[in-house]
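Multiple structures follow.
The same chain A turns up in both complexes below, where it pairs with chain B and then with chain C.
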Partner chain A sequence: MAEIVIDGITYSFDGKPKLLDFILSKDKDVPFFCYHPSMSAPANCRMCMVKVGQYVKNRETGDYELDDQGERQIRWFPKLQTSCNMDMMDDMIVHTHETDDLVKRAHKDTLEMILINHPLDCPICDQAGECPLQIQTYKYGPEGSRFEVKKQHKPKHVQLGPRVTLDAERCINCTRCTRFTDEISQSHQLTITRRGDKNHPTTAPGTEFDDPYSMNTIDLCPVGALTSTDFRFKARVWEMNQTPGLDITNGKGVNVDLWTRDNVVLRITPRHNPHVNEYWMTDKGRDAIHLYNEERLSTPAIRLHPKDISLVMSSWDNAYQTTQEIVESTDPKQILVLGSPYASVEENGAWMQFSEAILKQLPSYTTHIEKGSGDGFLLVDDQAPNTHGCELLGLKKRTKAAFKKAVAEAKVILSLHDDYIERGWLSEEEIKGKTWIYFGTNHTQMAKAATLTIPITCAVEHTASYINVDQRIQRTYPAKETKYTNRRLDLEMSEGRLDRFGTKFDHWVNEDHKVDCKPLWEIVGDLSLLWGHTLSYRHGRDVLDALGSKIPALEGVTYQAMDDQRGLLLTLSETQEASS
Partner chain B sequence: MSDWRTYEPVLIPNIAGLNRLETYRKHGGYDALHAVLHDQNTWPDPASVVQEVKEANIRGRGGAGFNAGLKWSFMPPADGRPRYLACNGDESEPGTFKDRKIFEYNPFLFIEGATIAAYAMSITTIYVYIRGEYRSWIHKMEKAVSDAYDAGLLGQNILGSDFSVDLVLHSGAGAYICGEETSLLESLEGKRGYPRVKPPFPSQRGLWGRPTTINNIETLSNVPGVIRNGADWFKSIGVDSHPGPILYGISGHVNRPGVYELPSGMPVMTLIEEVAQGMRNGKKLKAIIPGGSSTPILPAKDLEDLTMDADALRGAGSMMGTAGMVVMDEDTDIVETLWRISKFYHHESCGQCTPCREGTGWLEKILEKVVTGQGTTRDLDLLLDITSQMEGRTICALADAAAWPVRYTISRFRDEFEARCKPSLIPVG
Partner chain C sequence: MSQKSSDNGASLSQNGTSAYKFTKEQLAEIEVLKTKYPEVQAVTLPVLWMAQDTFGHVDPEVQRLVAQTLDLPESHVHGVAEFYTQYFKEPKGKHVLDVCTCLSCHLCGGMDILGYLENKLGIKAGETTPDGQFTLQEAECLGACGYAPMMQITNDVYVNHLTPEKVDRVLDQLASGQTPDFESIPMPLVSTTSNNKAAGGSDE
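Right after this comes the complex of A and B.
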């Protein structure tokens, strides 16, 4: 095993790791901008400089050469080396800024150079607060600037594509964005143009940056040069809460961070998970903010007369009693219960138990797989986040024809999430005269056509798990409060600076952002009481525990284990495998 | 050096019509290639050619001065897959204009040299990268290459042997940085001219990831002579440590500027006074830039007894570079000269590495301040400090090339700079 001495401490290593990688893995700090662990290292920012040398060995004997004091002789490299592209070798000696003034000076010099043409508009820059340039300047930079001549001016607010805006003056030319389009998304849409201090990333003339992964460049950008057209100037980073979550816009189960302020999801960024998405996510997944914030079903609503155009608000008790009346006045054979691959394992599980106990039937579901829309990366054919979850629970899968037949035969339908009308599987004509009770999150066309709508929490308002296309079960955290939850009491919710130090009367608080909805398992529990059953679940965990005792694959699956191992890989049985 | 008057040029000899293939062959052209391919006794294998060139110690004429044969020997053993020779005719350094003489007057000498090099290293394709502004020289080369193909001196089964090699001409697009060997490769690949990080070196992973050697045009033009006359003949020309003929490109305030082929180690004063026939208008010599704009300037007082070879120039505090000597007379404004040189490097920095991208612009802007009389003595110290922030901190040597003129011009002509500056007592640090 080879050995290396870094700042006087000896480490052993195998293989040929890159020096920067290794130093960072030892919890030491080396500043860098252009380096990214999953892309090539161009070594162009010249920030991660270290001093490197090697012990001198006698060629014949193989012994270390010693100097007058009996210390091993060191042959230093003539120049400082960038650690990001430096292969580690046996007997190497490395001095970082912690032990070497020359390295410290080099960091200071490089930062001074980077900053001379940087606009220093941190007060109005979106990146401020999470900006590597800002952070490293505070840590390693010079006290002031000696630059007293005119800065280089470059294009500002350039719309590179539908979702990404460029401020070329802030760019430090690290080429992370162009390397992303070359190496990760492979759309080759970005390149650097012009020379020297005039250069900046851009697209080819007449083309736009519409890569389905384009917004990852915003996260990659170590300064505020690439910003989100949508999120630009919406919020300061330090005002937001950051909550882990999942991308539910397709079946890949991309790990994300949800950034909320005052219970509005303002942006979604990818969260590192080496098993699923590494550092990336799709642009479509980021668009889910509209799903979480806008057009939400809030408070149950009911159509008083079949000919009424709209529904009127109702109380929760009234909604429950109406449901009971409808169900009890109908032949159980004419009731259809529909689960959904858009709902979590817990929701479908509670739904199934309710259906089996009271309606004496197994819920059915339809998959939403669009063949050919996957790209082998993060876009997959399965458009629903939990198809495997429905399979695992043993819900009855129906094809389009079987589904249409079942709907035609039913008088009362209880459905979850899916918008069959928007999808073109049902027309409003076909559900005329039927009583449709819709448990959903948004004002979909289905909600508008329903007889009774009962609002349920969405993926960012509860703790629940989803099983992705690779059969990995992962869970969400509540990021938004509902009318019935409280950030300070729910220990799973993140608490941002404003939540902690602000008061109820601060002007930024808007109670209307809290949606009047409940988790499906609570609703199911409340409903079952009317029939004398007690399916009492207070938390997703209760449902998961209950399912664990019934379904072998879920035995021992806990949120704790999912957190520890970045999701758990389930082994679904052969038959379930085949049916998918 | 006494024999320079009797020296017979070999790279650009005084023979009319040498740029025509039949004339070139009549004067011994392609004898060297023929010998290498067919004379089994003298040249049993490609390695023997490499050995001879290494022995001759042709120090790279592109500026680095590295033994060409040694460079060839770094190529890994042939594995049947493509390997490349890239010939660097980008020649964009201000003060350098030697290769175009070869393109114009003796193109087949270079093509023959490149073909021998290709044979020696089992190269499959030769790329010749010519500066884009050399439009008419590119046309001359196109004609020469097509003639060589027609005569079976390039392409399949050259001179009836089983050795085949192709030669592709490539025109640059006006970027100085594409003369740097690795960005030349990037440019050949159709990419932006960004220098590559070394290691891996081009001999391991060069053009399209395959082993590649990059040689200067003048370097390769010396190869046929070495093969024909032997390494000892080559070493007998000029000084021992830097042997062979050199194309001295003399420009500036002299009576007869131009490219002169003479042995290495010519005394600088002889080049100015006798070869270039003295200073224009009888002015006094002030300084020279010995080998292209990036090499440190030398004041007249340091030029007595100085010879043009790598070791002597290093001893005097400068470099051989490309032997493109810029001569400046007493009327030259050193401050403005330096500003113009800095402007060039600012314009040509590719922008990849931070110290060069930002530093070159900063240098130029401060020098502009000094030139227009806005500068202070503090600015001079700041300039020196910035050069220390640039040198040795970048991927390629452009930052060094930009920093050296500033550093050495200010330190060697500080009084002239201070005369243009207002005094300042504020420290730089």
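Right after this comes the complex of A and C.
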């Protein structure tokens, strides 16, 4: 076992870890900009300087050479070293800025150099508040600038691609973005152009930065040089609150952070999960903000007459009563219940119990797989987030043909989430004359064609779990309030400054951002009461517990365990064998 | 200038292939070059030189040709071409005059030489004469401080100890198709022998 002394404390280690990585893993701080744990370390920001030396050993005897005081002699490296690309060796002595004034001075001078041409526009910069340059300048930087001449000017607000905007003056040329396109997304779209104080990242002339992962460079950028075209100037970082969540735009189950302000999801950023997505996510997943905020179904709506063009607002009670009337006046054989791989395990579970208890049938579902849309990284063929969940619950899987036949034969259809019309599986003609009760989140084409729409909570409004393509079960947290939830009472929800101090009488808080919808398990519980059943679930946890006692694969699966282990890997194939 | 790189895109052909072509001999030469380096990326520099010698510049179209020939990302070739001032990213005159105006030359009258050339050619630094003969550029230190003021002609010959008369002579030579001769200039103040002695002394 090799040993290393860092700031007077001896640590032992195996192999050849990089020094910076190791120091950070010991909860010590060394400032850096260009280093990133999953990319190569070019050591070009010169920020992570440390003083490194080695005990001198007698070559013949192998004993440590001692000085006059009987202390071990140390042979220091002639200059300070960058710790990010320094291989650790046995008998190394390291001093960080905590114990060495020269290192402190190096940090200060490096920062002064980096800041020479950096514009002083933190007050309007999107990165302010989460900017490594800003944070490290506060911690290690010089008090002021000694630079008295004009700063270098470079291109501003350059549209690098459809989703990324560059402000070259803010760039410190850490090359994280170019290394991302070279090493991670491998589109090789970015390069550093020109040199000296004029250099900045750019694309090749005539090409644009349209990498499907391009927006990761915005998160990587340690300054405000690369900003999101969509999110630019929308909010300050400290006004938003951050809630962990999942990317539901495909089956990969990428872990994300949802940034909300006043119950609007303003941006989505990746959350580190070594088992699923590392530090990255797709640009498509970030577009889900529109799905969460816009065109939401709010309050049940009903088509009063089959020939009416639009649906009119209804009340929850009326919606429930109407559902009951429709179901009771129809031969159960003519009712089709559809689950959805777009809905969570809990939603499908509650849906299944409702269907089995009251309609005496097993819901069926259809997968939404687009062959060829996967790329072996974070894009996958499966467009739905929970296909494996439906499979695990034992819903009846239907092919497109079987699905179309079932719809043609049915008179009343209760469906969840899926937009069959947009997908091209059904035409509006095919559902004419049918009574379609749609439980959904958005004004999809399906919702527009339905007879009755009942709004349910989406992935950012409830706690529910999804099983991804690799059979990992992960859960969401509520990030947005609905009309019926309250941040202050629900301890699972995070509270930002505006949430804590704003009231509905303030101009910055808008009640309209709360959607009038309920979790499906609550709706199903309320509905079942009409038939004299009690499927009362108040929380996704209740549904998961109930499912755990029925389905062996879900036994012992709790939100706590999912949180602790960053999702749980299920063994689906075994349970399927057991159940079949 | 910096905004220009994005404007260059407009002149690119839309079909994705370059309007320029390497000859068969050149392609064979590139294959030989590839064998000399462990990685293809390293061949970017010599191939860019080859392209500049052939087409007179390495504008985005030529950069694309180089990238496609070497099967490298266009962005990589663009970055390399943009890094070196010796690669001309836009068409230049037949002769490119790089007048050094860095410290030593500046002190010895480099700016005057540049001004003299501007007046004589009727263009500003960075421009090309209408007949396409001369491009005048201001250059940073070219490492010939001992012979200041000086200029370099089309990435090649250095002309040292410039005076207006010498500039006139050089321009005439260039216009008549001659290349100014290489001048060997000994270091002033220090003779060859004493130079050797001094070097020997410091070694001991």
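The rule is simple: the second predicted complex is superposed on the first by the 573 of 580 C-alpha atoms of A that agree within 3 Å, B and C clash if a C-alpha of one lies under 4 Å from a C-alpha of the other, contacts with A are read in each partner's own complex, and residues count from 1 in each chain.
The working rule: contacts are C-beta pairs under 8 Å (C-beta built on N, C-alpha and C of every residue); 3 or more make two chains touch, one makes a residue touch a chain.
Everything numeric here is computed off the predicted structure, so don't read it as measured data.
Look at chain A after the overlay: chain B and chain C clash there.
Of the two partner chains placed by superposition, A:Gln445 touches none, neither chain B nor chain C. Shared-chain residue A:Gln189: touches chain C; no touch with chain B. Touch criterion met: A:Thr202 reaches chain C, while chain B stays clear of it. Of the two partner chains placed by superposition, A:Thr99 touches none, neither chain B nor chain C. In the superposition on chain A, A:Met49 makes contact with chain B only, not with chain C. Once the two complexes are laid over each other on the shared chain, residue contacts for A:Thr330 go to neither chain B nor chain C.
With both structures placed on the common chain, the touch criterion links A:Ala168 to chain C but leaves chain B unconnected. By the document's definition of touching, of the two partners only chain B reaches A:Met113; chain C does not.
Which of chain B and chain C touches more residues of chain A: that partner is B.
In this superposition on chain A, the options for chain C are 19-27, 37-45, 91-99 or 127-135, and chain B clashes with just 37-45. Residues common to the contacts of chain A with chain B and with chain C across the two structures: 191-192, 194-195, 198.
Per the touch definition, chain A reaches chain B in the complex via residues 41-47, 49, 78-80, 85, 106, 109-110, 112-114, 116-117, 146-147, 149-150, 152, 172-173, 175, 191-192, 194-199. Put simply, chain C touches chain A in their complex at residues 2-3, 5-6, 8-10, 12, 60, 63-64, 67, 73-79, 82-83. By the touch criterion given at the top, residues 175, 177, 192, 194, 197, 346-362, 365-366, 368-369, 382, 389, 392-395, 428 of chain B touch chain A in their complex.
By the touch criterion stated above, chain A contacts chain C in their complex at residues 154-155, 158, 168, 178, 181, 188-195, 198, 202-207.
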